[in-house]
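There are two complexes below, and they share chain A, which is joined by chain B in the first and by chain C in the second.
Entry: the complex of A and B
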């Protein structure tokens, strides 16, 4: 008996909390992946990352309404269309932002941070003007609702499973893109040595722009997935931005594996503590642990061995 | 070699203009409500001053200045709250003698970290020292390991998030999301009526002017030059035998201390302190004050604090929906088109024009040694 629970109960609690942690983990990974591409690979701090995510969420919200109104027969699969559209919208906005703002500031990382914060304020107000200040939720098709009973005491929600599936697909996609494709080779070449990459004929400006766009696009997909487990409001993105940055920094900025490992440890720690203490204390303890470890090991968990 | 006075004549003139503005012009032209608002803006100017030293000179961008502002404010608020919570004043509570929000949260004894705040002397020392101690710990851990730039910015931001969540979560000990409110007296003196606000305004303005002169002194000293050298060529300073980390820790603590003074004055003038001021959003807002005014100009930062906050008040009174657009646009415009801020605009455009007008000499490019001497000797 621990804390008044029997071991059977405790096992179920651990499994359920573990699963809740896995969903949190998936959302963290989705958000952090886009950031890992932009911050980890390009070294650009994009404080508007959360707003790109919310863009994806609003696109999904619009989709659900459009399908209800015009294509009710296809409503069951609207979510997949929404994910693609969310990616496209965030990707396009990302390209625009890179062209208009980011490319002028590559040499001044701290200024990029401030400028993108300004962008995030503008986007927030834009969402508020268009969609209103209140939170909106999407309608889910019937098959995505409900939960799957594994045993008598353990059940898992289906939308959680979907989020995890989506995360897995995106993660594998990003991994293939960066480490296995020619395109990824170019991205890494530009990031490691811009001058030499340009000298061997890589269009570095184009690579920068598309990389930024892809990072934003992934944020859009994260936002789309986010609508399945929470509601969307104009300022929701801001709530997650610090967490997401910490996930990426904690994992070691340039390492995808590190990002995933750190998202896993942070989310599991938080959801486990959450059960025994209050939610806010869980968050405080988790963040303190992360910051504490970062102070001892500022380069993060996983480091690329490069000479600086 | 005799030490030269650290203020050049033109610096002295600018400081006098500033003093005239905040000590004479504003108090004479504004009613007490508006003056109290200006006093509030000026408390942010303390933070902006610290950021000029820390960010503009030393190149360390801290996105957590709200932490120090808030801690300073909370120290002051804790003292005022305890003064108001005498056993007689709180005798209807189930535990008299403790702040009302503690009583609502079923706390029956004053927590240990509240106890020293019965003493005014302790509070006066705690206001700068508590935030500086935290800044020292953060700085020690980060700068000794050569963490800087964007990483440092993110970590300070994480601290702001942690502290906000902590304060909101521990409602019984901190007053929670409402903060510490309804503060009335300072050492028996009522801080709420108009004449008290007037006195506090002048105390605040006087303190600010003292801090401005102090910032000028720091920047003119050898320390100030090392800071700038560190920002521009950190390696060379290190190779010259200076311990870069110690200088960074020092200036970060200094900025924290300045922010804390601002926070304490804020509590006194506004009468409450809430976790909102500790958070991420206000912390970044404080940076923009400094950026708009000019990150390399002490007085520019003060003007920035006044202007941006005045604009914020005006906008949110008349067209609140436009304010975030304006604020966001301001961020982007300052960074992309005039990184020197208002002071930079003045230095690049107005000053050469004035020079032509009064000096009758062709202006030399700003920053060259000749400009400096010609400005010093300029007759006025």
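Entry: the complex of A and C
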């Protein structure tokens, strides 16, 4: 007996909290993948990343309502349409922001921090004006509700499984995009040496714009996934931005594999400790562990060993 | 092939290149000699559009490219091997070369690049950053050649490379010129290397061309005097 639970109970708790952690992990991974592209590859500190996520969440919310009102027959599949639209909306806003603001700030990381923080405030107020300050939630079609009973004491929610599937697909997609495609070669060349990339004939401004857009688009998808675990409010993104930076820095800024490993360890630690202690204690312990590990490995978990 | 007329370049208020005139004929190798700080690298960067020209024109095959951004100049047929090589350290050798293919399309590096530099074929899947200096230099040249240039610019290619490799490099550059029929402009401090490859030698001092000789008529002692500190 530990904490008054039997070992059987403890096993179930660990499994279910582990699964809850996996859903949190999915949102972290989606958020962090976008940020790993923008911060890790491009070196832009995007404080508005959470607001791009919330844009995706609001798009999902709108979709759920529009489908209920006008296309009730297709309501069962609205979530997939919402994911695509969330990506498109965040991608488009990302292109606009890059063109209007970020491209003037590439060699000035501190200025991007302030500018994008300002942008996040603007976006928050915009959401507040349009959608109201109250939290909103989405309606789920019947087949996405409920849960799968594995044993008497362990059950896993279906929408969680869906979010995890989505995350897996996006992660593989991002990996292929960056490491296997010609477009990825352009991105990596520009990020490693912008001047030299131009001197081998790559249109660096165009690459920057699309890369930033893709990073934001992935955040939009994270927003769709987010509607499964939390309710959407104008400031909900802010709660995630620090965690997301934590994930990216902890994983090693330029490594996608590191990002995934660090999202996994942070979300699992948090979710398991949360059950036994309180949410804020879980956060404190996670942060302490991360600080400790970063003191031993300042470059993060995964580093490319290469002469510079 | 490459015609530079009255090129002026300034960093802020200080003018670094003053009304510089320079021409490289088709199939010609020209070496620009000069001590540190005389404007060699600035000249190269200005030709690539990495630093803006404050006046004058740069023309490639008769077409004015002065106002074009760097990547469009590459598409017109000018390629650059910078000082310090500047390969992409975290990308593999093959990927480094393939970055040069985007301007003209194509997914695989042409075989002649690996014939020119067999060592790159051996190292194909190593990361560029893990190569030795000489290997990186060959990689930087291969990457530049992948853009199918008409004019190749090399900025101090011998810097930090061991003598035996320098001799190979000279032979390879001449071979590239003969086989691919391109023009080469190389900036250099090592006189023996310049004499080895160049058809014509220019001396740059304080942003002006102060001396010019065909290799056959070159007054070695005079050029050496310009280079001594």
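Criterion: the second predicted complex is superposed on the first by the 305 of 308 C-alpha atoms of A that agree within 3 Å, B and C clash if a C-alpha of one lies under 4 Å from a C-alpha of the other, contacts with A are read in each partner's own complex, and residues count from 1 in each chain.
FYI, a residue touches a chain if its C-beta (ideal position, glycine included) is under 8 Å from a C-beta of that chain, and two chains touch if they have at least 3 such contacts.
On a predicted model such as this, the values are computed, not experimentally measured, just so you know.
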Which superposed partner A:185 touches (first chain B, second chain C, both, neither): second
Contacts of A:169 with chain B and chain C, given as first, second, both or neither: neither
First (chain B), second (chain C), both or neither touched by A:257: neither
Which of chain B and chain C A:10 touches, first, second, both or neither: neither
Touching partner for A:129 - first (chain B), second (chain C), both, neither: first
Partner chain in contact with A:197 - chain B first, chain C second, else both or neither: second
Shared contact residues on chain A - chain B and chain C: none
Complex interface listing, chain B residues touching chain A: 61, 63, 141-142, 145-147, 149-151, 153-155, 157-159, 161-162, 165-166, 168-169, 280-281, 284, 287-288, 291, 321, 324-325, 327-332, 334-336, 339
List of chain C residues in touch with chain A within their complex: 48, 50, 69-71, 74-75, 79-80, 82, 86, 88-91, 95, 98-100, 102-103, 107, 127, 129-130, 143-144, 146-147
For the chain A and chain B complex, residues of the former touching the latter: 43, 45, 101, 104-105, 108-115, 117-125, 128-129, 238, 242, 245-246, 249, 278, 280-281, 283-284, 287-288, 290-291, 294-296, 298
Chain C contact footprint on chain A (complex, rising order): 182, 185-186, 188-189, 192-193, 195-204, 254, 304, 306-308
